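What follows is one structure encoded as structure tokens, with my remarks underneath.
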């Protein structure tokens, strides 16, 4: 017997990715996919990769009906605004936006500039990164999504944090390179192809909101985040520069990464001595739910460069969301998430 | 007539005939500036819509 | 019970794609994957997408052992040279090269400039395009692969040929745009990134060998082929210009394409009146086995522009090869070929 | 003494290119550059390459003042609508739009679907392709611009037309590959980077309006045009397939191309037997005013593939426009157009 | 009267760029351009942008003749090995390699792993970055080139260093994003288009040799350098994270950058509050000699993100080299370096 | 038979019949390792040519 699942915001990029994954999920059936602008159109007219996969049509979000699991993939603020309505329609909710990621309403207010519209709901949502919250997600009713840049940064930092290898008195710099799909499906001047193509755009040298998530997840207070948009559609690479708290050997670092990756079906350590793919590389992760992590260490200075690559729409959004659903509903964690990625 | 950009400190030449409440753009930092006084020539940041960069 | 499968030329791009597909195939087990240059290395050191999927190591082709199904993904000429040896090792062979595609040794000699090294084998091989040869492939022992540019051109032409809508007295121009993976994994001056990047390279304005395959498959004698290499890694788009043999309505053309696509699990008709994806588009096919076909018709001149998009490594090579294997071995035809492709 | 020049539509891509060229032109001074949306902004806030080159600010088009030479770089229809006003302000006008390219108002109506708003002006404008109209442009008051795809196609065809080598009874197919800057600076769904990136989009398989210009310039009536948008910002490559009217030698073709290119400062013949750049390649033309032409010939079938590469914003628009101005005003024809282009 | 100039290593990317610039230089004539592999070929067969510009042919390096100014654009180590020979042939030498950049032979040995082959020559060479060495370069006989990544990093740091705004007790992280032309014209596995395309490759997370140049030029000892290769042919962007030595206002930072940029013809400050191009962007610098610098400041943490964009082949190599020649020979500093760059 | 990778500490399973001086690759870090001893099984880094990454 299948769970009945609906997706609000299904015409967007995260919504589209949810559709792709859930259409192949053996234990769920998509019953509604909403888009105000595309109501009545076939899903494949917006997401051409779904042609031949489904004859479902978009419905207007106002016509949303009760279902077992509801995915929200809406612009910032929309989910929090309407959470009571959504909760009245579905037993379980996974919200891909930033609305329910932060535990502390004060932190929300600091970063988003206004009070949270539904602060009581913050504690009901489990932060949706299975790599750190697997137990809490198992059987949970409400899960938030994750920030893509935050996730790349967090997964680069966590092996070091958990092994307590970072000198917290020195700054940690997370320099993240990202693709254009991070901005979503809505067109704007900055995303016009002749301008965006070939760009190396210092999109957020300071002040990026995902830092709040990094601080919440890692417990660190000296992380500094910068985002550069590069020529890429899917993918994010976090290059995180930290300093070792003591003299280290490469083996100790390997040990820390192995400990973190153990039992994590979507974490792979990438650190090769030869070949072209020596460190995590987002280009081979497009469409997969992997987070590849690796590191370089400079004994003379104590600098550790920890590197994490993800597909922002997968491990950084829809993939993690489906992984959450699997945990929440008692399905095998990797169900519908096994695409291996392409080379070349 | 010269005035200083309140944002970046650039010296901005105001053309003869500049009037109060006129909007000028700073050539260095691009700030849109309002002429709030003419004697001495004084500029203030004009209210701006924060543009979405889109990512 | 699983069939034991081996891949010769597994370090190449077609070989890598075969590995990716077959590792997820429920009815086969890969027992050997050869590479002379990489013998002893793990598959994922060459194909980084396979990390975490297999711990298999490349073996030298000289150590090839008997198996149930053998895939050959070698440079031109190598399969024909050694076919007796390969046939002694495996019950069934699928050869992705051009060596056994042409039925007529004379045609081979005309296009390849020398006599075929094993002409007796030509008739034993079934041309491996399931869309035209499904019956012959079912249960077959030997199948050739297909040419990628030939396949894009053939699938654009066949709906019109089968419905007999083309004026054969007027030239048919197939202008094919292709990505860089068509050249395989071997580095050369022309594939150096600073030179190849952003190129619109008239790679083969005349004289491309795939024309022989087009003539064999379509029966046409007035096709003219040109290949332009563009900025793309995977993908081929054939823009085929033909003239109608009589006055046509759009409906008749729709009918012809529908007739051709019927019962073909990997053929989709793409012809939309609005949206961004109105015609077949290779970018959304990366990793999939689909061939998307569509057309535009100009009543005033009778010109039909028939368009076919494929992933050259999939429907144009490894995907069709696995589809052939499925038919040869009695598996469901779409097994291991169901990846939907990505958007964006 | 400098001519005073103004540009209407200076915030667009053609307008920006005119600015770049004219700022370095020794015999003109830019006095006004218009943009309604950017009035008051510095030119370099829209065209960042002009930073440090000029402190000019955009002015609203309503404030346009008299000048010696006026360039119009407006969306389709705007120039024709207001031509009387523009002509009252400037002695000489160069209009980059399609409004005054066609000589025959009936042809205009056929392609643009409505009567020309200022038909009397059609004969006053000289078609602005110096390669065919040098004499008429010398000293002229009004010049139209050229269509970019039309120009690539025309320059591929003209050597053959002038040498009378084409069989006019057989169809001529012009398959043109183009970059995203052809669409101008205005953002739209189709130009959103995640969608446009990596696309091989059959933009206009039939029905492209530039065919009218091709027919007017070449006198041919059997040309069929298709446009495919590829991953590229600047550049157009026309691959034109025609059939020889009689048996030809390569030397005769060389002779035809040489005859056409003689005395043309911006036409180069590209046809090499080795190396990476054997045929015209738009990627090395970005920013230059060259049109590179070349050909391949297939004796067995009589097919001639004639290839022309241009930068759509230069030889296909602003470059030709400045070349026209040079002729109209008696400056050396190549003034301000000598940038050589980049490799790699 | 023209100076006679020769280029050794003219088939490479830096050599090609020197050719492009010097062919348009009004005070010099190129008399020889060497390439062993291409001896006898026309320059434009390797550098297709030079077609129509020169009929010069490559000569073998062994046939090098005396000249006034000699440019060396050779792989690492070659210039130092043969410096006596080169010095016997030319009054003035500009060497684009790293061979004569470091003043201290001990530092050279530390970074390059072997003793310098011609240590006595180190002090004869002036480090070829006009922005810091203008006086010493004026009239000099020997100039070294600059490292491209070093130059982007140095020009990001120098405004802060000269104004003494950096806290030297905290680490400075320089995270540099680079294009594929940095690797030169020689093909290798890592530069194969299907692999390099779309890559976000952690090329040198630690241990990059250009750090030695950064330390020499800035006097800093706490800089940490990482290089990531991204999808780009030309261009480098340095994102440099440093911490302020005291509380700062944005105006003080503007002041520091303005002081540094003053009188520097190729330094522009880019820091806009709106529009698409708010910070330095390498894509608009292709072919220009500009170094664009800008910054973001975070008062709460004291972090300054200083950003510098260059074209690695221009300001990062050939452009600076020609600028050096202009200073060495008494020409106007910007001669032949005035190309404005393209948008879009 | 198991041995430890001297580079990254991975536990490497050596197939039965592994001989001294044989070269094996570490599945984790890709190091090429030489079997320098069989009792106890001991691995050492094999001499490697430093490959050029090419930038």
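So that you can tell them apart, the chains are marked A, B, C, D, E and F in the order they are listed, and the count of residues begins at 1 in each.
One rule holds for everything that comes next: contacts are C-beta pairs under 8 Å (C-beta built on N, C-alpha and C of every residue); 3 or more make two chains touch, one makes a residue touch a chain.
Keep in mind the model is a prediction, meaning the values are calculated, not measured.
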item	value
Touching subunit D and also subunit E, the following chains	A, B, C
Farthest-lying chain, centroid of Cα atoms versus that of subunit F	B
Gap in Å, rounded to a whole number, between the CA centres of subunit F and subunit E	41
Intercentroid distance (Cα basis), subunit E paired with subunit B, Å	36
Euclidean distance of C-alpha centroids - subunit A vs subunit D, Å	45
Where subunit C touches two or more other chains at once, by residue number	13, 45, 181, 185, 189, 194, 197-198, 231, 233, 281, 344
Junction residues of subunit B - those touching two or more other chains	30
Contacting residues of subunit A [partner subunit F, same complex]	250-251, 254-255, 258, 269, 271-275
Interfacial residue positions of subunit E with respect to subunit C in the complex	13, 179-181, 183, 185, 187-189, 191-194, 196-198, 231, 233
Residues of subunit E defined as touching subunit D within the complex	13, 16, 20, 23-24, 45-53, 181, 185, 233-234, 268, 270, 272, 274-275, 277, 281, 284, 286-288, 290, 292, 338-344
Subunit E-touching residues of subunit A, taken from the complex the two chains share	170-171, 173, 175, 177, 189-190, 194-195, 197-202, 205-207, 224, 226, 228, 230-232, 235, 237, 239, 241, 243, 276, 278-283, 294, 296-298, 301, 303, 305, 307, 309, 344
Subunit E-touching residues of subunit B, taken from the complex the two chains share	7-10, 28-31, 48, 51
